[in-house]
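I've put the structures underneath this note.
One chain, chain A, appears in both complexes that follow, with chain B as partner in the first and chain C in the second.
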Partner chain A sequence: MLKKLLARTVIYLLVPFLFLFAWDFAAERLNNEVILPGIGQVAQLFGQPTDSLISMGSLTRNVGISLVRVLAGYTIAVCLAVPLGIFMGYYGTVFRLLNGFLALFRPIPPLAWVPLVLAWFGIASLATLFDVRAGPAYVYLNNLKFSMIFIIFMGAFYPVLTSTIHGVSGVRTTLIDSARVLGAGKRDIFRKVLLPASLPSIVNGMRTGLGVAWMCLVSAEMLPGSLSGVGYLITHAYTMARTDIVIAGMISIAVVGAFLDLVFRMVEKRKFAWTRLTR
Partner chain B sequence: MFKNLKLMLLTAVFITFFVIPGSYAADIPTIKVGYIFTTHHTPFIVAASKGEAFKGTGVYLRPVVAKDKYELVADGKPIAVLQLIVAKSGAETAALFARGQLDIAMASVTAIMAGIDKGTPIKILSPLQTEGMGLVVPKESPLKDWNSFLAYVKNAKKPVKIGYHSPTSAPKIVLEGALKQSGIKVTEDPNDQSAQVLLVDLKETTNMVPALASKQVDGIVGPSPFPEVAVSRGVGKIIVDLKDLPPKGHWNDFPCCVTAASDQVIAKHPEVVQKFVELIARTNSWCNKNRLEAGTVTAEWIGLPPDSAKATMLVYLPKFTKNWMRGADRYMTILNDMGNFKGSLKGKSLDDARTILFDTRFIDRVRP
Partner chain C sequence: MSTWPILQVRDLGKTFETKKGMPVEALSGVTFDIDENDFVCIVGPSGCGKSTLLRMVAGLETMSSGRITYRGEEFLRSRKEIGMVFQEYSLLPWRCVLDNVALGPEFSGVSRQEREAAAMSFLKRVGMESFSRAFPHELSGGMRQRVAIVRALANDPDVLLMDEPFGALDAHTRILLQKELLRIWENNRKTILFVTHGVDEAIYLADRIMVMSARPGRILDMIDVDIERPRVRAHPSYGVLAERILSILENETLASFS
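Our next item is the complex of A and B:
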C-alpha cells in the first residue's frame, strides 16, 4: 500500500522536478537574469509576497485585483450565457434566431475588441458609474474598468454559451417525455430534468470559460489607464527587464487558475459522479 | 427592529462610500491628462509626487488619489481636477486623443505630428525633454566610444546589427544621421550584405534590453531610461551619448517629448491649459537643477532601479529652442519621405505647418 502511494507520488512529482532541474541548470549556464533568472531569485519574490515590486504594489495585491477583475467579467458572462444557452438549447426557434448572429462574433479573438472597447468605454470604471470621485471606494471601484471587464467577459462568454446549448440540447427526449407522461409541468421539467441533466456540460463550459477569462487578463490589464493587476505587473516588469517578476507573475496566474480549476473539478466529482454511471 | 437596523447600516455605508466622496469639487473641470511611465515625463511625475513643495511657484498639484487624481492649484485655488491616464506609447496617446479620451498629454513629437496629420484636433504646447539617448553595446564588448565603434563597423565582415524601437524615434534618426555623416553605409534591409550597419526594428522599447541580452543585436540605440536599465541590469554599457555625436552641437536639443492639448480643452479651459504649461515649465527648470532628486522621485514612481534613474542624461526644456525647431523640421522631412503623412501635413515643412502643429501662446506667457 505504502509502496503504491510512494510510486504514485513519484509519478506526480517526477516531471515538475525534472522541469525545475532543467530550469536551474539552464539559468546557471546562461548566467543572465534578463533571459532566465534562477529559481532562487523567483522563489525569493514568493518569500515576501506582500513587499512592493517595482513600485506597482505587492504580488498578493496585484493578484487580488486581477482575481476580482476576472471574477467580475466571468460572473457577467455566466449570468448571460447560461440562461441564453438554456433557451437556445431548449427552444429551436430561439436557437435558429440567435445562433447565426452569435456565431458571427464567436471567432473574433477577445483582443480584437480592444480598439472598439477603448472607443466605447474609454477609461470609465465602476467609480464613474457610481460617480465616486475620491476616497477608498474610488480606489476599489476604479480598478474595475468597463473595458477590462468587457474583454474578460468576451473571453468567457462563448465557452459557457456553447457548452450550455450542447448540454441542454443533449438531454434525452425520453427523459423529458417520461416526466411529461408522469404529469410534470414545464417548471418541473426545467428544474428536475433539464437542469440536472445539462449541468455537467454547463459546469464544464464554466470551467473552460474561467480558463479563457484568465488568458484574456494580461491583455485586458494592458489597456490605457491601468496601473495594477498581475497582467500589468508582468508587462511593466518586462519593460524594466525584471524577468524574475515576469516569471513570478506567470506562476501566480497559473496557481490561482489551477486552484479555481480544482474547485470546478471537485464540484464535478462530487455532484456529477452519476454521469460516469450513465456511460 | 433588525430589519430597520440593517437598512440604516446599508444607508450609512452607501452615504460613506458613494455620496460623500462624490460631492467634492463639483464646480471645477476634470481634465484627463495622459503620460507614459518613462523618465521622459519626469517633470510631470515630479510635480505630482512633490505636490505642495512647489506651492511657492504659484502653481502646483494637490493629491486627491495618489498616482491617479490631482487638483491643479493656482494662486491658492483649485482650478481643475487632473485625472491621470497612463498610456503605453506616443501612438496610443495620439489614438486616445482621437477618441476624445484625453485633454492634455505628454508624448513624442512624432506621435503628435502623426495624430495631427490624421486630423486629430490637437496642438503642441511646449517642449518637454531632450537628450538622454544612448548607444549601448554588450557589457563585455571591447568598444568604448564612438571612434572605436566606427572602427569596428568599418572592419566588420557582415553588417553590425543595431536595434531601435521605432522608425520615427529620435535615437534612430540621430544615429542614422551621424553614421551617414561618418561615411558608413546604413540599411534596414536584412538581405543587404553590402551595408556596414543594419538597423533592426525591435518594435517596442520593452524589447530593447532583452534583445541585447539575448544577442539578437550587436547594440541598441534607445531613449532614456533603457540605456540606463541595460547598464543597471548588467546587460550592457553606454558607449555614446547621442548628443555628443558629430558634427559637434548639431544634435543638441533634438526633440523628443512634448506637451500637447486638444483644441477643445484649449478653447474651453484656456486658464487651465495656461497653468498646466506653467507647471511643466517650472518643474522642467527644477528638474534640471535637481537632477539627482528628480531621478530618485521618478525611479520610485515608475519602479526603476534608483541608479538608472539617477544616471539619466535627460535635459528638460522650459522653452522651444532653435535647435529644437530644426530637429522638428528634420522629423517632418523624414516622415514625409517615409510616406507617413497623408493628411494635413503631407508635403509640408515645419514652417508651412507651424499653425497646424503649434499653439505657443501659453509657453510664451510663462516667465522664467
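Our next item is the complex of A and C:
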C-alpha cells in the first residue's frame, strides 16, 4: 500500500523535477542572469514576498491588485452572461435574435480591443467615476481602470455564455415534462428544474471563464495608465532586465490561477456528483 | 353524480410539420371513452402515434383537431388529476428519492413537513422507505421507475398515464414491476392508460386493449380481456388473445409497407 503510494508520488513529481534540474543546469552553464537566472535567485524572491521590488511594491501586493481587477471584470461578465445564457438557451427566438450578433465578436482576441478601449476609456478608472481625487480610496479605485476591466470582461464573457446556453438547452425535455405534469408553473420550472439541471454546465463555464480572465490579465495590465499588478510588474521588470522578477511574476500567475481552478473543481466534485448519471 | 366517463376522447387528430414544412398526419379520428378504474393498454406498431396520444391527454402536446374531456370538462393544459410516468428516466437527479416523491405536493404549495410525511408513507407502501435519502444515480433502473410511479401517485391523480414505463428494463424486473403495478392499481383504484409495444404485457395488465394502426394512428380494435385476475401467462385464453392481436398488428404492418 505504502509502496504503491510512493510509486505514484514519484510518477507525479518526476517530470517537474527533471524540468527544475534542466533549468538549474542551463542557468549555471549560461551564467547570464538576464537570459536565465538560477532557481535559487527566483526562490529568494518568494522567500520575502512582502518586500518591495524595483520600487513597485511587493509581489503579494501586486498579485492582490491583479486579483481584485480580475474579479471585478469577471463578476460583471458572469452577472451578464448567466441570465443572458439562460434566456438564449430556453427561448429559441432570443437565441436566434442574439446568437448571430454575439458570434461576430467571439473570435476577436481580447487584446485586439486595446486601441478601441483606450480611445473610449483612456485612463479613466472607478476613481474618475466616483470623482475621488485623493486619499487611500483614490489609490484603491484608481487601480480599477475601465480599460482593464473591459479586456478581462471580454475574456470571461464568452466561455460563461456558451456553457450556460449549452447547459440550459441540454436539459432533457422529460425532466421539464414530468415537472409540468406534476403541476409545476413557469416559475417552478425555471427555479426547480432548469436552473439546477444546468448549474453544473454553468459552473464549468465559470471555471473556464475565470481561467481566461486571469490569462487576459497581463495584456490588460500592459495598458497605459497601469502602475501596478503582476502583469505590469513583469513588463516593468523586463525593461529593467530583472529576469528573476519576470519569472517570479509568471510563477505567481500560475499558482494563483491553479488555486482558483482548484476551488472550482472542488465545488464541482462535491456538489455535482449526480451528473455521473446520464441516461 | 354525473354520467360522464372519466376520460372522453373525440375525433382526436394530430398533424406535425417536418423541418421542410411537409405536414405529417400522426393521428386521425381517434375516439374512445375510459371508465373509472379501467386499466386500458394501447398497443400498436412503432411510430403509430400512441405516445403522442398519451402526451395530448397529459396536456403536453397541442391537438390539431378533436376534443379531450376529463369528467366532461375540456382542458388544454396539464392538470393535477392526470398524472404521467415516462419511459425515459424522469427523476430530478440532484434530488434524493424523498424530495422527488414530494415534488407534486411541493408545486401545489404543501408545507415541507406535510409533503415529506406524505411522500414517506407512499414510499412505505412499496417498501422503499429505506431508500428515501438515496439519490437516483444510486438506484437500479427498476428502482428508479418504481420511484417515478410513486411520485406520480403521491400527487394523488385519478388517471395515471404510463408511456412504456417498463420498456427500458430487463425482462425479469419488468415482470416484477408489472405485478407491483397491479397491486398498486387494485389497492388505490386508479384509472390507468398504459402504452406498450408488448402484446404480452398488455394482456397481463389490461381490462381492455386498444389496438392502433400504423401512421396515421387510428383505432383498429378495442378488445376486452376476459381472463380472471390474478392472471397466469399459462392460461389457454392468453395465447389465443395474443395470436389475435398479433395478427391484427401483422396485417397492419404489412399494409403499411405496400
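In the analysis below, the second predicted complex is superposed on the first by the 278 of 279 C-alpha atoms of A that agree within 3 Å, B and C clash if a C-alpha of one lies under 4 Å from a C-alpha of the other, contacts with A are read in each partner's own complex, and residues count from 1 in each chain.
Criterion: a contact is a pair of C-beta atoms (placed from the backbone, for glycine too) under 8 Å apart; a residue touches a chain by one contact, two chains touch by 3 or more.
Predicted model, so just to flag it, every value in this text is computed and none were measured.
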Are chain B and chain C a fit on chain A, or do they clash, once the structures share the same frame?
fit
Once the structures are superposed on A, label A:54 by its partner contacts, choosing first (chain B), second (chain C), both or neither.
first
Which chain, chain B or chain C, ends up touching more residues of chain A in the combined arrangement?
B
Could you look at A:175 and tell me whether it touches chain B, chain C, both or neither (first, second, both, neither)?
second
Quick one: classify A:32 as touching chain B (first), chain C (second), both or neither.
first
So, A:65: does it touch chain B (first), chain C (second), both, or neither?
neither
Scan A:134 for contacts with chain B and chain C and give back first, second, both or neither.
first
Which partner does A:188 reach: the first (chain B), the second (chain C), both, or neither?
second
Is A:240 touching the first partner chain B, the second partner chain C, both, or neither of them?
first
With the superposition applied, I'd like the minimum CA-CA separation between chain B and chain C in Å.
32
Could you pull out which residues of chain A sit against chain B in one structure and against chain C in the other?
none
Sites on chain B touched by chain A in the complex
17-18, 20-22, 24-25, 32, 34, 37, 64-65, 67-69, 81, 83, 85-88, 92, 95-96, 99-101, 205-206, 209-210, 213-214, 229-230, 233-235, 300-305
The chain A residues in contact with chain C across the complex are 172, 174-175, 177-185, 188, 192-193, 196-197, 272-277, 279
Seen from chain C, its contact residues with chain A in the complex are 55, 58-60, 78-80, 82-84, 86, 88-90, 92-94, 103-104, 106-108, 135-137, 148, 151-152, 155
Which of the residues in chain A end up touching chain B in this complex?
32-35, 53-56, 115, 118-119, 122-123, 130-139, 142, 222, 224-227, 235-236, 238-241, 243
